[in-house]
Every structure is written in C-alpha cells, then in structure tokens.
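One chain, chain A, links the two complexes that follow: it is found with chain B in the first and with chain C in the second.
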Partner chain A sequence: MATQHSRSVARLMMAPAVVLLLGWMLVPLTMTLYFSFKKYLPLRGGDLGWVGFDNYVRFVSSSSFWPAVQATLVIVGGVLVITVILGILLAMLLDQPMWGQGVVRILVIAPFFVMPTVSALVWKNMFMDPVNGLLAHLWRFFGAEPISWLSEASMTSIVMIVSWQWLPFATLILLTAIQSLDSEQLEAAEMDGAPVLKRFYHIILPHLGRAITIVILIQTIFLLSIFAEIFVTTGGAFGTRTLTYMIFQRVLESQNVGLGSAGGVYAIILANIVAIFLMRIVGKNLDA
Partner chain B sequence: MARTVTTQRKTLNTALAWAVGLLIFFPIFWTILTSFKTEAQAIASPPIFLNFEWTLENYAIVQERSDYMRFLWNSVIIAGGSTVLGVIVAIPAAWAMAFVPSKRTKDILLWMLSTKMLPAVGVLYPIYLLFIQLGLLDSRGGLVVVLMLINLPIIVWMLYTYFREIPGEILEAARMDGATLKEEILYILTPMAIPGIASTVLLNFILAWNEAFWTLNLTAVDAAPLTAFIASYSSPEGLFFAKLSAASTMAIAPILILGWFSQKQLVRGLTFGAVK
Partner chain C sequence: MGRIQLKSVTKSFGDVEVIPPLDLTIEDGEFTVFVGPSGCGKSTLLRLIAGLEDMTSGSIDIDGADATDVPPAKRGLAMVFQSYALYPHMTVRKNIAFPLRMAKLDQAEIDKRVEGAASVLNLTDYLDRRPGQLSGGQRQRVAIGRAIVREPAAFLFDEPLSNLDAALRVGMRLEISELHERLATTMIYVTHDQVEAMTMADKIVVLQAGVIEQVGSPLELYRTPRNLFVAGFIGSPKMNFIEGPEAEKLGAQTIGIRPEHIAVSESEGDWSGVVSVSEHLGSDTFFHVHETGLAETITVRADGEVSFRHGDRIHLTPRSDAIHRFDAKGLRFE
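Now for the complex of A and B:
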C-alpha cells in the first residue's frame, strides 16, 4: 500500500547505498578500461600513449598466460570437486542422529573462520615443511621419503590448503539443505526397502541440486580470486601462478599497468560469466 | 524428526563423525598446542603431543617484537569501522526495499550482488592509484571505506532477507494509528530487526577481519591489520614454529569465538538468502 510519498522516501533511503556502489563499480572500472588501452609504466616513463588492443593481445600471447589459465582451472576445479564431494558426504554424516552433534559441527566449521594468511602459513610451515613438518614426520613414520610439498607438489598443496578452508562452507550449506528435506519421504523409501545408494540418487541428490549449484557458483567466484594463499606460500612460483596472481604481478610488481589492466578486464569478464548463472538462481529465489 | 535408530548405529555415527570432525579441526588444535611449546619442542622428532611443559614465552616474544597490539587494534578498527559504516548505509536501503518494494527492487538487489562479483584484482591499480592521490595508502580510513564497499552488497542482502520476515501488517497498523515514519522505525521496526542486524554485523565483522587482498595490498606499516602481521611471518620467522603458532593463535582466536555464534547466519549471508 505504498503511497507516492513513501515511494519517494524509499528512493531517498536507497540512494546512499546505490550511489556508493555505483561509484565503487564505475570509477575503478572506467579507469581499468582506460589504462588497458594505454602503454602505461608508472616507474618507466609513465603514460606512453594509446596502444589500442595491444595490451589485450600481449596479455594472452605472453608465455605465462596459458600456464596461468591452467593453474587457475586446476585450483578452481580441484577445490570444487573435493569440497563438493566431501561436503555432501560430511553433510549426510552430520545429519545422522549422534551424540555431541553441536560440537562436531563446530569442529567442522572452524577452518572457515581462520584468516587465509594464517591457514596458508600454518600449512606451509607446520605441516608441509619437508624437514620439520608434521606430514614429513608422518611420512618418515611409515618409512617413506618426505615430500617437499610446496615445490614438488605445489598445486596439490595449494588445492589441499584451499579445500581445507572451503570444505566447511560447502558442508554447512549442504547440511542446511539436507535438513530441509522431508524426512517422511526418506523414511517411506527406507520402509519400502530402497537401498542406501538408490535413496541417495533418487531422493537426496535431486533435493540437493540447487544447493550444490549455489555452492559451486559462489565458491567459483571466490576461488577465481584466491590471492593470500599463493602470496604467502609460493609467491606464484612452481607453476602456481594463477590469472589473479599474474595480474597482481603485472600491476604492482613489474608496474606494467596497461598490461595488467587488460588482464583485469579479462578477469572481470570471466567472473561475470559465472556471476550470470548465480544471479539467475538467486533471482528466481526472490520471486518465490 | 522421530527417526528411530538403534543405539549401535548411533554409536557408529558418533564415532565416525567425531573422527572426521577432529581430523578437520586438527590443524587449528595443533597450532594452538604448538604455541605453548618451546621452539625446540615444536620441532622435536617425533612430534610431542601433550607431555611437555606449557609455556607462555612465545606470546611474550611475539608481543614484544612485533607490537601485536597495534595490528590487533588496526584489525578491530578496520573490521569494526567498515561493518558499522556498512550497516548505517544499508539499513535504510534494505528497509526501503523490504517494505516499499517496487518493480525495480529485484533488479537493484541483483545489481548490488553483481558488484560483489567484481574481481578485486581487476580494479587493483585504479584503487591503488586513487589511494596514492588521496593520501589514503596505508591508512585505516581508506581500508574502512574499501572493506565497507566490498561487503555492502552482503550487508544489504542479509538485512533485506531479515526485514522481509517482519510482518508488514504490524507496520500497516502502526501507520493507521498515526505513527510517523520516524516512530515507525524507532519503536516498531528496530526492536524487531535487532536480531537480524546483530547477525549481519557479526558475519560482516568476520568477513572484514579475514579479508586478505586489500588489507595486504593497501597497507604497509601504520594501518597493517593482523592479516598483514601474519603474512610478515612468511619468511624467515615462519620457521620458528612456536612463535608462528602464538602469532596465529592470537590472530584467529577472537574470530573463532565469534564465528561459532554465527554458524546459522553464515549460510544465509553467504548464499544471499538462496539457502536458509
């Protein structure tokens, strides 16, 4: 029953948030676009004029571009597969009747609250250090040669660290979704003697479909821009330079702003492709 | 939820779930434990579990050498400031969208969400440049604003989903009785919305506390929060496990405790209300 008056008040109330976000989006975006068409080296001559699409071409034809794409895909893909599969299993386990469920939940969720720099450093040193790390001790205990995780198995290590951080998120969301499942339906299937796997495929998995999609989309957006985990572990060495990290290096380390900005535009396009799918799902939910 | 199970099955579930839970929690447990060891004990082979003399010396050393309190204070100000500022901007917006919805409300909400998807690295240089020109580099004020902006979409969304659950009839009734907009907000809406606002504040404080792209790239010394403090341990101090553990424990302890209160809100906040 909104009156004309309350509408204009509402518009006024939304204004600060809208204006701020509009500015936050448009100003840097315009600048990135602007720089991406320039040869711009702040430390070596500054603005050296327009170069058209040169930066875009150079960014993708650089010898480190495809390895970076590969590293990005391996990290995003690896973490998604691990967290979604383990997340489903863990959510189903946590949904079972047990003693101390609340405490187990807390234990499982905890890694999500650890700041990225801490988890990366703790894993790097206390677990993955080839001499004193706990994994090295474990390897030696079984008579195996300890692995220099972050140099010999760098990608595996990063995927492990990041999966540890994101498993709680996937588990928590999938658990919430499982708990909204009509337990009568499951019980009926159980009564009818449907085996566990059948129940999983025909009842649980379809019910989780939307939650899984949401987990995948949201995680993809965050995983595409992983930074601190690489910054403090390998610094982009040993094949762990992702697109995000490569752009960071172009812009801040080698101060080639034009080239880095072109990379930034690619990153924005990539993130938007994922975002469109996420927004569709979220938007549908708004109508409900 | 009267699913009857045998005690045997329940025991099995319990054992399995606890084993997995402890395994996932182990790195945190190990970090906290190591922080109470001496450096020699921390790298002892085979590793020492509980049979060692607990010491607080690492905490003292970390405090003394790196001025931990300053980093902590920066984290509190940056995370707290950006959250408070964000909530102040977001409450009116979320209120308007929840109670005076128009045809465009959905579009505005989705557009706000889309700004959250903007990859930080894509706008790194412009922000960096603006910070230099405005003299904001390595200042707490600058980071408060940036973190407020990156979390604003989440804040608006969370508040919106909470506000929408407040029955509109109550507001209608208040309006009938002649309540002004100010009274409506102050006496009716605010008390009903407090739990939702509190959850929003909590989750966003956590997100801002742990943010590690802008806090690493836009600070140097003065405004560096705990994320940067820990990153400074990446070498060579990281090889001193006990000190690294003490520093890490201090950085994550406040948030672990807050985090446990926010489990439920986490789902709603991070899925933009799509999973509740």
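Now for the complex of A and C:
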C-alpha cells in the first residue's frame, strides 16, 4: 500500500519537470516543422501561406547544400580524430607519476572553461593574424612567408581551434579510463613478452574502447552544432559554411524563416543518421 | 631447468629498506613457498625475481646466468597474479595464446599448445568464453594455463588462492600440487596462509620484515622452529608460549608447547584451568583454557569425542619431549 502510494506521489512530484522538459523540446520542434511548410519572410510580407515541400526542395537544391554537409563532416571528423589521438597520448602522459601533477592536470583542463567565442577570437587575433599573430612571428623567425590562416587554410584553422577546445574533454575522460586499468594486467603482459607498443595495442587500447566510444558520441553531438567559432572567424566564408551556419544565414541574413526551418529539419535528420551510424559501429563497445 | 639464486639482494623504496641483504637459493624443480604476515616483503621478493621491480643492490642468477639486468620477458619465468590479470577483452583461447603470439610462434604450434594446456586444466569447453563469464576457479585455471604454455623455467605464484572461497581453495591447492608433480618445474609460491605453505611446499621460506627467519621443509619448521616467530607462525592453532616460573624450571626465558602435544584429563595433570570456549570440528576439539596461571590462554587440541563445556575445570599435561625452549633473544635451544 505504502509503496503504491509513494509511487504515485513520486510521479506527481516529477510531473512538473517532465512536462517542462517535454514542452522545452516539443515547442521548438513543432514550430520548426510548422514554419518549414510555410513561405515566411519577416521583412518581405511576413506569412505568405503554405507551400508544401517547396522549402525542402529549395534547401537541398541550393548549390551550397552539399558543400555545407561536407564541411560539417570534415570538421566533425577532423576534430574527432585529433582529439581522440592526442587525448590518448596526453592521458597516458598525465598518468605518469610526475612532480606537480595536480597543477598540470588543472592546466590541461583549462581550455574547456574558455567560452567558444572567446577562444575563437583569441586564436584569430593572437595566433592566426597574418601580421601580428604569434604563428606569423614564428613563421618569419624561420624565414618563411606567414600564412593568412583563416583565408588560405580556413578549414584547418577551424579544426585546430575546435580541437583545442575539445582536447581537454577527451583527455579527461580517457585519463580516468586509463587510471582504472589494473596495473597487474600490464605486468602480466610484460611477463608474457609484450613490448611497450604491443602492450599499448593489446591491453591499453581495448581497455579504453568504452571511453573512446563515449568521447566520440558526446563530441559528435556537440560538434555537429558548432557555430560561434565559425561566426567570429571566417563568418562562413572560404568553404567553412557548415549546415548549422547555413541555416543561420538562411534565417537571419536572407530573412527566410521557412527555408531555414526546412534546413533545421534536415539537420535533425543528419544528426540522427550520424548517431545511428556511430551506435552501430562503436555502440557494441558499450555492451561488453 | 630453473635454479634461482639470490645474492645479497636488497630493495628500498625511497628511504625505507623493505628487504635488507638477503641470500637464497631455490633448487631446480623445487616447490618453494614464501610465507609471512602481510607486509613482510614476500611479494616484493617475488616481484624482484620476476623482474617487475628493480633491485637496489645485489644480483640474481637464473640457471647460473646473471639475470639481474635481464627484462622480465627474457627471464623465462611465468607469473600467476593475485587478481589473475586476465585480459578481459580476449577469449580464454586468446588469453592463453597471448604469450605464444608475442613469441611469434606459428599458428599450428600455438593451437597445439593451447589445446594441450586446456585439456590439462579442464578448460576445453570454455575456450571461447571471456574471463568475465567464468567463475573464480576457472579464471585461476586460465591464469595458470597462460603460464604453462610458455614452458617457463620457473612459475611464480603471487597469493593465487586468496580470492577464492574456502572449498575451492582446497581444491586448487591440490591441483597446483599435482601440476607441480607432473611438470616437475621450479615453483615459487607466495602466501600468508601457513596451511597452504605446509601442505604444498618442498621448502618453506619464512619471512618477517624482509628478513628470512628460517628456511626448511615443512616438517623441519614444525619440529624445530628456529625462533619464537617461526614457532608461532607455523602450525595451527598457534603454539602456546609460557613465560615465568614454569619456563625458568626448564632453564628458559620462554617455553612453547603446541596444542596437539598437551593431554587433557578431567582429574589429574601438571596444569589446570577453566575451559572458556570449546570448538568442535568433529575430528578434533579445541579448548581455549583460561586461569591456568601460565599464560592468558592455553589452546589444547583433543580428540573429537572429548567434551568439556564452558566453565569446566580441566587438567593438562604437556608432552615433555615436545616442549620447545627459547632464550632471552627468542632463539630456540635444545
């Protein structure tokens, strides 16, 4: 009796949170779907009625659609590869006993606390500026012609900036995973005749499998929607227009809410495809 | 072949000397057990032999060749760890085959040896499972399997049975002893359990605080312990120690008498006391006797049929030829 009672009370008390979260998700989703079937131009006549799938067709047939999809995937893929590889190396380095370990670990995590807008501006003005940037000075020191990073190597630059931001996250998750590895396993492998690289490949890497999966899944979700880094650096120029950025341009620069909404629905579909794909490839690691 | 010789080996962690200079020879084919209370340095000593820890000074010879600076993999030793240290993401087959794959043997030879080890250890049905799906005893056998396929010069066991329940421990103890009889390879076994040491060993090395207190066969240690520590450590229940006038009568600082060397009687005996607790094991009965005026508690072993209750006054008679005498330094003398 008591449990049944407390269960219904619990449901009642959880209801506000559930309703709020559901509304939080459903209202924008419904509005996006609603606008995506309308011709809605706020500064050029407002709501101009239903247009069926016109917006969807226009968004996809735009010459910038496939380049945007490609840019999105290149940024997500590039950042994932860099953060996972460097993250594993850094995590193993930080796992070594050393002087000042606590301070070093906090310093490594620091980039994660910097707001994306701020870090992108710092990179743009302090490092990548072709005249006064640190990298330009470095290039000149070696007698090379400085690169104007954001226009000549725009994609590389953005991948670098975003990787710098997300490396601490990957490192942190992988470090905790490495710390949970039973040192007797490594010793057993050493006795079994496995040299350092083989110990890494046969023991450490499989042990990290689950952590790597988590890093990839979480980062993909966030990386698909990066915006600030592109907004303050290239503004979507030089081939760095991602799907997210393209939606922003359609809605705010072209003032075409319907077209942008249709893009938003495509973004949802793309995110889900990527998620299913990732779950298939790496999700089995989570069961083991 | 596996003759292992330690020559004035020491080990310090920072300023703390865990093992003061130590000499020890383990003969080929011998089952040697390192036994001692926890923290006595027995595991460290094993890890020094394995090469997992570096010696602070001294040298180790394996089969007459200096192995001091030889890396662990090249010493030809195989180790079974306390946690088994199986590779969780590999099947049993791959676990056992791992050292062979690292040694780059060809696949046919690997398969042959893995099958052989699996049939010796009754693991044939489990070869395609992962360690997580096995029971404690089976994991233990996989760990042993991984060690035997390498055909090492010596096996090192680091408290391998401490994670098993009591019944399984007795079974595995037998299996390891049988394995030793069959392979006739040198085995070094670390334990804190003196029963394991007594039942399995050819030679027991009793350690305390990194110092070897005594080396000998189980019965030697039982019959002629060198000092109070060994006398108290070997044998279960513990030897009774008596100080004071009773010891002085025999010209000793302390005398020791094992529970099984004291006769119990209702009516007469040299000593008398009151039964505090009686433990009935069926085959034996242990009485913990108080108020004897000799020591706080005297433990006595009697036949399983003898029955006294709490509060009964009983009389005890030690077997005079089984009394051990110890001097002021705690050393035994005849």
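Following the convention adopted for this analysis, the second predicted complex is superposed on the first by the 270 of 288 C-alpha atoms of A that agree within 3 Å, B and C clash if a C-alpha of one lies under 4 Å from a C-alpha of the other, contacts with A are read in each partner's own complex, and residues count from 1 in each chain.
Throughout what follows, contacts are C-beta pairs under 8 Å (C-beta built on N, C-alpha and C of every residue); 3 or more make two chains touch, one makes a residue touch a chain.
Given the structure is predicted, the values throughout are model-derived calculations rather than measurements.
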item	value
Touching partner for A:Thr244 - first (chain B), second (chain C), both, neither	first
Touched partner set for A:Leu224, first chain B, second chain C, both or neither	first
Which of chain B and chain C A:Ile203 touches, first, second, both or neither	second
Chain B versus chain C as contact partner of A:Ala189, first or second or both or neither	second
First (chain B), second (chain C), both or neither touched by A:Val257	first
Residue contacts with chain A in the superposition, chain B compared against chain C	B
Touched partner set for A:Ile109, first chain B, second chain C, both or neither	first
First (chain B), second (chain C), both or neither touched by A:Ile268	first
Doubly contacted chain A residues - partners chain C and chain B	187
Complex interface listing, chain A residues touching chain C	182, 184-185, 187-195, 198, 202-203, 206-207, 209, 288
Interfacial residue positions of chain B with respect to chain A in the complex	1, 3, 5, 10, 13-14, 16-18, 20-22, 24-25, 27-28, 30-31, 34, 43, 45-47, 89-90, 92-93, 95-97, 99-102, 106, 108-115, 117-130, 149, 152-153, 156, 172, 181, 206, 209-210, 212-213, 216-217, 226-228, 230-231, 233-234, 238-239, 241, 244-245, 248, 251-252, 255-256, 258-260, 263, 266-267, 270-276
Interfacial residue positions of chain C with respect to chain A in the complex	50, 52, 71-73, 77-79, 81-83, 85-89, 98-99, 102-103, 146, 150
Residues of chain A touching chain B in the complex	1-2, 6-7, 9-11, 13-14, 16-18, 20-21, 24-25, 27-29, 31-32, 35, 90, 93-94, 96-101, 103-119, 121-127, 129, 132, 134, 137, 140-141, 164, 167-169, 172-173, 176-177, 183, 187, 210-211, 214, 218, 221, 224-225, 227-228, 231-233, 244, 247-248, 251-252, 257, 260-261, 263-265, 267-268, 270-272, 274-275, 278-279, 281-283, 285-287
